[in-house]
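Right after this note come the structures.
In the two complexes that follow, subunit A is the common piece, with subunit B as its partner first and subunit C second.
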Partner chain A sequence: MIYKVIAKPEFEKFIDALVKANLSYGPKQVDTDKDGNPIYQFKEVNAASDIAFDYTTTASSAKHFLTPYRETLSHFTFTNSDWEQDISYDSKPMVLIGLRPCDISAINILDDVLLNKHFPSPYYLARRKNTFIIGMDHLPLPDCFCKSLNHHTVTTGFNLFCSDIGDKYYLSINSSKAYNYLKEFDIADPTDEDDCKLIERRKLIKQSFKTDVEVTGLPSFLDIEFDSPIWTKWGDKCLNCGTCAMVCPTCYCYNVEDRPDIDLKGSSRQKQLYSCNLVDFAEVAGGHNFRPKNGDRLKYRYYHHYLGFAENDNQPICVGCNRCGRACLADINPKDVINDLRMEKESCMICVSPSPDKT
Partner chain B sequence: MQHLGFSHSKIKIGSFDFTCCEGCQLQLANRESTLPAFLELLDIRNFREISSERHDDYDIALIEGSITREDEVERLKTIRNNAKILIAYGSCACFGGVNSLKNHFPIEESIKEVYGDKEIDTLPVRKISDVVDVDLSIPGCPVSKEEVERIVVSVVTGSLIELPKYPVCVECKQNLNTCLFDLGEVCLGSITRAGCNAVCTTGKTPCLGCRGPADDINFTSFKELVAEKKLSIDDMNEKLGFYNCFEEFRHDKS
Partner chain C sequence: MRFAVPGQDVNREPFNDQIPDFHYRSSLMQTDRGYKCRITNIVPLTENEKLFQLRILDPDERNIFRFRPGQFLMLQIPGYGEVPISISSSTSNNEQVELCIRKAGHVTSALFEARMGAHVAIRGPFGSSFPMEEMNGRHVILVAGGLGIAPLRAPLFWINDHRDCYGDVHLLYGTKESSQMLFTYQFEEWEKINHISMHTIVEKASPDWSGRTGMITELFDEVEIEPDNTYAIVCGPPIMFKFVCNYLDKQGIPMNRMFVSLERRMHCGMGKCCRCMVGSTFTCVDGPVFDYWSVMNLKEAI
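And then the complex of A and B:
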């Protein structure tokens, strides 16, 4: 990693040049909610002035740039006795600007799932390798809990990371591509004062978290609480609408369908990101549904996020961005569900038995 | 016609309109990019938006509109007898549709309001399945041509016919839309069947549920969230009643 500093006006010039030369996405205000708060999304940007550098968080994550909500995996062309499959992994180079540490951590997790295993996804690989990521730090929102999951900082997965130290950005440069491009601009080595400001900034961010979700030992808690009534309690609220998975930066589950062309001469294989909360997620041929109840489906979403991955890959796949919590109409959020689960067991008075006597 | 080396015959089809705007039938004559290929799958026996020929030997009858007159009942029963498969399409045929608003008022009052003193033969609005057996329903106001095309292809190739079971929220979020509840609106997207690609909410118009309830909706939770967000229950009820799609839930006091 190389560290440099850049004055904010010069940084905007750098971004402007980058954005004008490449297909780029950055945070943009798309609406104002009923209470007067801005709502942001990652949208295509064509100039630095399009970007809301001081944004809080986006309503949806950046995952769909790498694993789109819907994509055609391949197209088949039929002949009388045979067929041909056309697959294209082409992806335009793309710049993602302003991702938060949790968003970048989420992409690192997607890398673990979709690239670093036995069967890497060529579709994901094509996009990932062609994506230039610029991260930016921010002060947490009152409901952000990425610190609980240790994703309030990030050291890998980006080309460039910018920490706001007042009138300058402190740059962590993580790729030669980023460095070579930045060299064209007025950058300087950090002074001692800059270093101090960075430390102060990090301290401030760390101290600003208002929400903590206790995740230590959560996998075994979840295992033990398989039959807990809290799943029914929260399941009864769940609308089965899939919003949580759509806005989640790491939910990658999908559905694949073959759709014959209307002229019957071919067929396309369509992938759509899906959600384990949707009613037919676990429905199989013949119509049997392994998870017909809301509570079961909700439970398995938590299991996937906090248990399965934690056991198999030594990390939960939740990064603590709380997008699901903010977007949920029924007010279901990880903090309340997990706390509820812990409370259930930790405050249980029925089965408390004294510790075994010392012998 | 050949598909995967198998030959298929064209579907003998008839399309019939009852009380409606004929917008759904018009929809089927839309989408010019695929229209020739679509018509290639069909042997149009009776479809006044597309052809002036009239024949009664059709395998599939598409029924558009709701039933509001005695003579419509007779006509519908005849069509049911002629057809092997009867498909209700559009919100009017599937649920009663906008026409059903009439059912909320005394019939004489409605007649007087619209026609003055003219004598009119009219009945309370009924959906198609209230009168005859329906084999398949394709909801929407209007229907999505893309969905109809997909279903017709499934019929021709003998494959599984399915509508999305999940609600509009999925497609709405895929379009990166701002949730209309965040803008202070009551939206039926979270309880309405998807398949429209969230066209209304993408245009910032709340979902009025024209495609009817999704599978296994959580209506109780929906009512609670509208109340918790301090939004108008009257507004919610008006939206639920708009296409007559949520009657089984709306009057359930449990």
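And then the complex of A and C:
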């Protein structure tokens, strides 16, 4: 990795040049919430001035650029009594600007799942190879808990990462492409003072986390607590809307269906992102549902995020962005559910010794 | 244009012009391209079940398509969708694939409308298989409930092909009604030629039924089990697993010698869509065949 510093106005010039030459997406304010706070989303941008560099977090994640909500896997063309299947992995280069460390970590996790396992996904590969990522650090919101999952910093998965050190950005350059573009701008080697400011900045970020979720030993805890009444309690609140999976930066479960063309001369097989909270997620032919109750499905989502992946990939799939908690219509968030699960067990009369981190 | 990010064309990568080989899991291939097949024969079995015989059109693809007993494939009907179906033909039959299908959803309903000669596609084979070699020299008990006979046909054909490698083989088969019993035309062949002891039972007897009536576990009184020397293969509705496996467990058959085949909703077959996940296990990649010990360790598996 090569480190450089760039003055903020010069950086905007660089972004402007990049944005004008490529299809680019960056954070933009799209609305305000009921309390008057701005709501940001990753949207197409055409100039550096379109980008809200000081944004807090986006409501939806950047995963939709890599695993779109709806994607055509193949197309069938019907001829008389026969058909032909066409597959192509077309993807245009795109620049994603302003991703937070947790967003980049989420993309790294998706890489693991979709490219490093059995049957790597060519659709994802095509998009991933054509993505140029510029990350930016930020001060956490009060409900962010990415530090608990160690995703408040990131070292791979981006082309360029910018840390805000006052009037300059401290750049971590992770690809030759990014370096070649930056060469044409006024960049400098970081001075000792810049290094100090970076350390200070990182310290500040680390100390700004107000929410902590205790995840030590969580996989084993979840395994033991499979029949906990907690799941019924939170399941009763859940509305089965699937919003959490839609905004989650790592949820990738999907549904495949054939959609006939309007002229009936063909049909496309489409992949559509799905949510394990939707009622028919595990329903099989004949109508048997392996997860019939709200609580079963809510529990499964937590098991997949915190237990399944910890067993298969040695890390939970959750990055701690709390988008699901913010978006939930029924006010369910991972922090409360996990702490509740722990409290329920730790407040029972058999194991009375208090847990030190709960005091 | 100096700042344009260069495009990367994944279509040009070599996997694009290779025949997909679903056994070869380590490199990229056209995961969504199926082998095109012709429906060569349709055998109506009962009111709701038919046996479809498919032949892969391309000789190279036909050559590649080899499976192990217990594996499944994804059957594609363009315009309708894709469904996971267990393979119920013999592994030594390289010319055609047999699928025993119940009319249950809109894809299978569309298939039931299909005539002989129609073209469908298959992707696969996927998943784990019954460890037939491990069972060499042992007695085998196959227990099937209802449509559960479909995935058991492949191991049964394997046993028939290698009959001298196995000891006593029992097939216990139960259905709700006698009219739902599948493959009755083969019972005599299996019994007389392949020396497989057939035991059948129905839950509700109709006037034309002369056999036994009751639950499938009642058939065990006809079978002498030698627990140290016996393997069991079980397939049926989830409720049947519990009763059958508990009985066999009590008889002393170790859990790692009982094999079950699980049913789940699947949309990809490749461990991606997560629809078939049980705990942290993908039924499509790690299953559908599990030993009973693994199933006991999977929460909400049966």
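Some points to look at:
The rule is simple: the second predicted complex is superposed on the first by the 344 of 359 C-alpha atoms of A that agree within 3 Å, B and C clash if a C-alpha of one lies under 4 Å from a C-alpha of the other, contacts with A are read in each partner's own complex, and residues count from 1 in each chain.
Operating definition for what follows: a residue touches a chain if its C-beta (ideal position, glycine included) is under 8 Å from a C-beta of that chain, and two chains touch if they have at least 3 such contacts.
What you see is a predicted model, and the numbers here were worked out from it, not measured in a lab.
In the superposition on chain A, A:242 makes contact with subunit B only, while subunit C stays out of contact range. Contacts of A:311 after superposition: subunit C is touched, whereas subunit B is not reached.
Which of subunit B and subunit C touches more residues of subunit A is settled by the count: it is C. In the superposition on chain A, contact is made by A:70 with subunit B only, not with subunit C.
Of the two partner chains, neither subunit B nor subunit C is touched by A:224. In the superposition on chain A, A:33 makes contact with subunit B only, not with subunit C. By the document's definition of touching, both partners, subunit B and subunit C, reach A:81. Applying the stated contact rule after C-alpha superposition, one finds that A:260 touches each of subunit B and subunit C. Applying the stated contact rule after C-alpha superposition, one finds that A:290 touches subunit C and leaves subunit B untouched. Of the two partner chains, subunit C is the only one that A:252 touches; subunit B does not reach it. Subunit A uses residues 78, 81, 83, 260 to touch subunit B in one structure and subunit C in the other. On the side of subunit A, the complex with subunit C involves touching residues 17-18, 20-22, 73-74, 76, 78, 81-83, 85, 87-95, 113-114, 117-122, 125-126, 129-130, 132, 177, 181, 184, 223, 226, 252-258, 260, 267, 269, 274, 276, 281-286, 288, 290-291, 296, 300, 303-304, 307-309, 311-312.
Against subunit B, the residues of subunit A that register as touching in their complex are 30-31, 33-34, 39, 41, 43, 59-60, 64, 69-70, 78, 80-81, 83, 236-243, 246-247, 259-265, 273, 275, 278-280, 292, 294, 327, 329-331. Within the complex formed with subunit A, the subunit B residues making contact are 1-5, 8, 34, 37-38, 40-41, 149-150, 153, 156-157, 159, 165-167, 169-170, 173-174, 176, 178-179, 181-184, 189-191, 214-218, 220-222, 224-225, 228.
Here subunit C touches subunit A in the complex through residues 1-11, 13, 15, 25, 27-34, 36, 76, 78-83, 102, 104-105, 108, 117-119, 121, 238, 263-265, 267-268, 270-275, 277-280, 285, 299-300, going by the rule given at the top.
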